[in-house]
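Chain naming follows the written order as A, B and C, and within any one chain the residues start at number 1.
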Amino acid sequence: MHTFPSTIEAPLASETLSAALVADAVTRKYGGRSAVTDVSLSLAAGDCLALFGPNGAGKTTLLRLLGGLLKANSGRVTLLGQQLPGEAETRRLLGVISHRSMLYEALTVRENVMFAAECQGLRNAAAATESVLKRLLVFDRANSPVRALSRGLQQRVSIARALVHGPRLVLLDEPYTGLDQTGARALTEALRELKASGATVVLVTHNLAEGLELATQAAIMREGAFVHRLERPVDGFDVSAYATLYRELVGGGE
Amino acid sequence: MSELAFRPPSFVADAVRIARKDLLIEFRTRSGFLSATVFALLSIAIFRFSWDPTVVSSIDLAPGVLWVIFTFSGLLGLNRAFGVEQADRALDGLLASPVSREAVFAGKALGNLLFVLAVQLLALPTLALFFGLPVGPEWLGVVAVAVLAAIGFVAVGTLFAAVASNTRLAEMLLPMLALPFFVPVLIPAAQATSKLLAGSGLGEVMAELKILGAFDIVFVAACTLAFPFTLEE
Amino acid sequence: MTSVSMPESRTAARRTMPAVDWVLALALLAVGGAVVRALLYTPADAMLGAVQRILYIHVPSAIQGMYVACTIMAVCGGLYLWIKDERLDRIAESAAEVGFVFLTVVLATGSIWGKSSWGTAWAWEPRLTSALFLWFVVLSYLILRDALENREARARLSAVLGVLALLLVPFIHMTVYLFRGLHPEPLALKPGKPDMSPEMLSTFLIANVAFMFFFFALVRVRYQWATVRDARAALEQA
């Protein structure tokens, strides 16, 4: 297995024309403790970074930093040439999906996705809503209140909400949690399409198999820094070998 | 995927959409509005019932009762403001969109304002009925006072609801944080209501109205500016 | 922007609190001296009697507790929100706690004064009522801080409360002045000639200076304690 050194210098945005998301020595502290220390990375359009690591490693913090939802104490994050956190309109480039549904239970599926579409500023919010509901196979439940849906369906609606405006950067925090087979497949398909259309994806997950299926880069985090990084080999990742490597680096348990 | 066209974010449109969404949720679940209204009406009845009408006249008791009930039923309403966002972290979705933080605050506050005014719409006539108060043109003044008071109340209450939602004891912290700030709203409002019901014209409550107006302007601005700091960045 | 506390924390954690803080000891002497002077060397006011001397504690405490403490809380809070330096948060925290004690003294001495002069232990008039509501605000500030475990959230949210509290102060004053009060005219702060005899005036000014010194000495000690506490907590977490 070919491995890279544990910190990879991020090329300057001006040097790498195809870089969509660049993080340069990003650090974030909470009180005296450093949650993310001096992390750098570079992702092109169509790339997918899978982030693995134990709880408390800083994966969620890094994810939010990469989306400009948190400000870094030092270092920079650049998305499509714009520094994050940027103007309000830069946030339009983001789609955020987590294990919390981010939905309003009392409203219907359609109302939730319409609300998100309008907040994103879509001119044709209704058409975009119908389109994404169909793509994620929740169109037939469009008029049900979210609270009446199973967890798997709710997650699909949450994904629809996140993708309705065609984001260029999609951030996923443990999205496969609680998803059934159909839901997981729908999610993987949606992400595959996104990558093909040129979006950049960052995926935090505990599920090695699902993460490695889509990833063009895989990284393992511990205590706020990368301890291992790997580019996708030509024939794809060897999941069991990676799992062994992960156990060695992280030391027992996920 | 076809090309998606966007329009720039609009403060007013975003705030109104958020307020509409909150009121729609409230309408669907009904629990908040019903509790606040029932609490208000029941309290009005209990207050009148527990005072001997030969000792304390209605018109002396009514203003104080009105504003105490306004406060506590309002607090019941404010508690729900961020509860709905916390439940499934829907607020995160909002914050990751182009909607400005100030518009989120304005939308929440607007929703709360309509909620509070709706409760008042039911409480004021009930007060007049149970306390046997004469209904005349002075009530227009009372309504004006109620609207001014509601604005200041909601601005401060929405902000502290956001602050309190970061703690585990949000429902208990909100009243504690907000009540001192309600004092410059309640005292002038109660005093003005008292004078108006006793027959004074609007001209004689100018001092009270000025304090209410100044409070509204200062705190709507201050709370809108302070709101982004209640969100982690 | 880098957080400024990290380099200090190891040295700060190793430092222990000195057995005697000389600044505080001096301040206590100053206050003691002022009290002695008030009791023994200043004549009692002809009209108001011996109890009037409690004003030498009441008024300076009010000035420090109400105005100085709240201003520090608000200014440090506002600056913290701007530059996120943790030391500002510690100053605000210390000023709030010490200010709370001073405000309690204001209410207690005001009550004693009231009982003796007006016959009631409490009266709803301007200055005391303002002090009471400020007492509640500072108390809610302390309770809010206590309810937040995350240091960053605690600093940020209490800063918001601190700034808003300062905005509230003039409105509280305006509101309580809607009622006429029994509160004695501020003797030294009236424009024109103050009503006090020269000895009373000088004792009064000495008391003010002593209490100001005392306030800052207490805040300083409390701040040092907070620095050590935070440094130890950071080491434990790291």
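As a working rule, a contact is a pair of C-beta atoms (placed from the backbone, for glycine too) under 8 Å apart; a residue touches a chain by one contact, two chains touch by 3 or more.
Worth saying up front: this structure is predicted, and the values here are computed from it rather than measured.
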Chain occupying the most central position, where position means C-alpha average
B
With chain centres defined as mean CA positions, report which chain is farthest from chain A.
C
Inter-chain centre distance, chain A versus chain B - centres from mean C-alpha coordinates, in Å
39
For chain B and chain C, let me know how many angstrom lie between their CA-based centres, rounded off.
32
Rounded to the nearest Å, the gap between Cα centres of chain A and chain C is 49
Going by the contact rule already set, what residues in chain B reach two or more other chains?
232
Among the residues of chain C, which ones contact at least 2 other chains?
152
Per-residue multi-chain contacts in chain A, two or more chains
none
Where on chain C does chain A make contact in their complex?
1-3, 5-6, 9, 86, 150-152, 230-231, 233-235, 237-238
Touch list for chain A against partner chain B, complex:
67, 69-71, 85, 88-89, 91-92, 94-96, 98, 100-107, 111, 115-116, 118-124, 128, 145, 161-162, 165-166, 197
Going by the contact rule set out above, which residues of chain B touch chain C in the complex?
156, 159, 163, 166-169, 173, 176-177, 179-181, 183-184, 187-188, 191, 207-208, 211, 214-215, 218-219, 222-223, 226, 229-230, 232
So, in the complex, the side of chain B touching chain A is made of residues 1, 4-9, 14, 17, 21, 24-25, 28-29, 84, 87-90, 92-100, 232-233
Would you tell me which residues of chain C are touching chain B in their complex?
81, 133, 136-137, 140, 143-144, 147-148, 152-153, 156-157, 159-161, 163-164, 167-168, 171-172, 174-175, 178
